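Just below sit the structures, each encoded as structure tokens.
Here come two complexes built around subunit A, the first alongside subunit B, the second alongside subunit C.
Up next, the complex of A and B:
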């Protein structure tokens, strides 16, 4: 296998890690399930693609702007959807994913079904990034987000996130404005997903609506849950293991997705808190039914 | 008055959980709320803490009207509370549980809370409070691992970390052993000596009588008696509410 192959796999793993880490802020730290993370990844990718191809903006400006755009949409969507909790929030965010994808697909401005192409590779001082340099860029951004997550865990905001995840009513009684902090988690997580989208667009150079569909949201959630929600190591381990699995199991040809799926099922049966995690994903849909019967 | 309720009502549809309660509490005193199951004690409690907005009536605390304010604001004004069913932050460590309320200043400015973190002073304060409620040495455990009695004590430490002017305890003795109850009574007495004002929901009459300066008895959402513990225990209306009416032969 060529070096090029390894670099592309490396970049892909970096992007998965970034998605998993950003989801970890919303679902791991703040405990808000989301099934629509890919939508914000897509918003970032489209923002960056449009800004560079249509507006002629430079990648280094488009990158932070895709963070801001995704975060802004995350804020608006958060305002509307954080009124619901748990299973209902999961389903609302799933709906948002479908809406955003349709928006990209049916709006001619976004290239419709043809998508957007010719997205330029970033350049710095006249040097155009090849895959080696791009891998370096993704590695730097991933490291920065890892450090940010670690920092966030220790701040008052990180403490507030985990408190409201464990018990909203008790968080309120301790002076935490639960809605405001949920919104912050949403803004940070969706913004970072948008930033990752920009990195993806300039890596792959051609994007279309299908890249940002619901299956990707599920994949990213599976990574964070598999590795262990609420920890940086967990988010990374999940992204690396599940990101690599399809490559490693390539020799199994048609059966590789079977093995991949089996891995997930076994994990959730024997260690529901994930490989390195302390936090379980709490969706109460099934638990609530018998509880209601008891009165 | 430090805490004053005027005609507070809380109705859920047709259910009048709290139906026109007046209450007064002076600074430094302990008020007991007692009454049979379903009397509306916890609902009244939650209405004071801002969990529920009163259907009618007004609540004043320390010279401010607090009825209608959200619970996070009420906490910020200095009302700390514990819950009837333990609500510790289960997946956080014991120490972190007591750190949380110390971030009060930052929770009003989320932007700053993103850059500031609890310092050694906050951790030291948390350790002192944990020691005080008898949880020294358990700082590193996950709160969910603690026994029920320990979780209740952790909730008290957490409420105290808020530096409350008023501490509200909802059935703090439920499910505790005799020995644990004695430890709790001693702690509350200590806090009273330091001048902390408290409201206590208590089923155990002996405990309520020992701790409270004044007791208010609720039944079906209404105040049926109020007075010193010894007066309350003799009050025929109270005995009737608890034991039912004597049947005529």
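Up next, the complex of A and C:
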């Protein structure tokens, strides 16, 4: 195996980690289910691709702009989370994934079924990024997001997220602006997914609508859940283990989805808090359930 | 022309209603978004395919599919959903999605990734009235769907079992305390829901003459949208929402073409409705 292969696998793992960490902010910290994370990844990728190929912007401007675009759409979806909860929110976000993908697929401006190609690699001071440099870039961004997540856990906002996840009504009763913090969770999480999308687009240089479908949303959710929702280590472990599995178990390639699906079921049955998850998460949600059933 | 589109839309809609009804019944009692329901639907189609190949009888194929799917539904609720009772909603949801992925891949490994034709033949007749044509397959669909909807109505409204479903849906513990056999109620509910999905699977397979591993994918998501539109857990609303989506889709495709992708319509409608009326179009008061 060549160095090139290891670099590409490394970049892929970095991108999975970023997606898993960004989902962790919405679903892990703030407890809002989202089944449409791939849509925001796609919005970031398309924004960055269009800005660099059509508008001639350079990568370093397109990267933050794809964060902002995805975050803006995420804010709108966050508004939905103020109206609907839990199962309803899960289905709504899933629907948004389908609508966004068909939007990309059916409008000619986004390249339609052909997708967008010739997305340039980033360049800095006349030096065009090869895969080694790109791996470095992804590693730097991933480290930054890990540090940001850690920082977030310690802030007032992180505390508010946790309160709203564990018991929304109690949080509200204690004067936490639940609505504002839900929106913040969506803005931060989807924005980071958009940023990851930009990194993906300039790595792969060709994108099409199919790359951002519902199966990817499930894959990312599975990673975060498998590792353990609500923790940085969990999100990372899930992304690394499930991301690396197809490479290591090449001989199992034909059974990949079978193993994947089976793994999710077994994990939920025996350790729903994930490999490295905090058990208190489970217990807290446990207690809330009787009230919900009577609803 | 418009009449023909209305008929086509209603027939598609009645199949949607059939699948979604099972899903909404299961949600009503278990409070679990049973994504793997679409896996049962595909299972029904495959079971029907095998049984039809063996017996060359459509009726037997339909019955075999229902039996197999009912058994699978029983297994799922017994060994996956019941142990997950009392966990946060995300846990059974992910388990269900995992199960669905597992089932789809299992069908691919057993039957291969390609489309298999069902080739059901029946006495050839078609109703024609003022240029509106209803094919024999469509007639069978209407007949079977109508019959099954009547059966579900009978069970929920006229039997003690239906009463038990309602009691468990309202409050599992209290229902148990009042002597309702909750395990039986849950099991029978899931089995009946699965039977409906299997029937829909065979009907769709006969109508389009194809069975393939991922045939449940689009229904899986569309059914969730329809179930929410109908007010989660509300059977009548779900049937209405199914018919409505079938009609709207057919009319949009007929008159606007594919500018708006067919499979996104249900979700666009869903997002709009949820924003304006979060409990669905046909929500009962005080439920949800």
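Definition applied: the second predicted complex is superposed on the first by the 272 of 295 C-alpha atoms of A that agree within 3 Å, B and C clash if a C-alpha of one lies under 4 Å from a C-alpha of the other, contacts with A are read in each partner's own complex, and residues count from 1 in each chain.
Methods note: contacts are C-beta pairs under 8 Å (C-beta built on N, C-alpha and C of every residue); 3 or more make two chains touch, one makes a residue touch a chain.
The structure displayed is predicted, hence computed values, not measured ones.
Using the contact criterion defined above for the overlaid structures, shared-chain residue A:155 touches subunit B, although it does not reach subunit C.
Shared-chain residue A:90: touches subunit C; no touch with subunit B. Using the contact criterion defined above for the overlaid structures, shared-chain residue A:141 touches neither subunit B nor subunit C, since it reaches no partner. Of the two partner chains placed by the overlay, only subunit B lies in contact with A:169; subunit C stays clear of it. In the superposition on chain A, A:33 makes contact with subunit C only, while subunit B stays out of contact range.
In the superposed model, A:180 makes contact with subunit B only, not with subunit C.
Counted by residues of subunit A touched, the larger count belongs to C, out of subunit B and subunit C. Within subunit A, not a single residue is touched by subunit B in the first complex and by subunit C in the second. Subunit C meets subunit A in the complex at residues 31, 33, 80, 83-84, 86-95, 97-106, 109, 170-173, 221, 224-225, 228, 232, 258-261, 263-264, 266-268, 270-271, 274-275, 278, 287-288. On the side of subunit B, the complex with subunit A involves touching residues 49-51, 70-72, 75-76, 80-81, 83, 87-92, 96, 99-101, 103-104, 106-108, 110, 112-118, 142, 158-159, 162. Within the complex formed with subunit B, the residues of subunit A that make contact are 152, 154-157, 159-160, 162-163, 165-167, 169-178, 180-181, 184, 230, 278-279. By the touch criterion stated above, subunit A contacts subunit C in their complex at residues 27, 33, 80, 83-84, 86-88, 90-92, 94-96, 98-99, 102, 105-106, 214, 218, 221-222, 225, 254-255, 257-258, 260-265, 267-269, 272, 282, 285-286, 288-290, 292-295.
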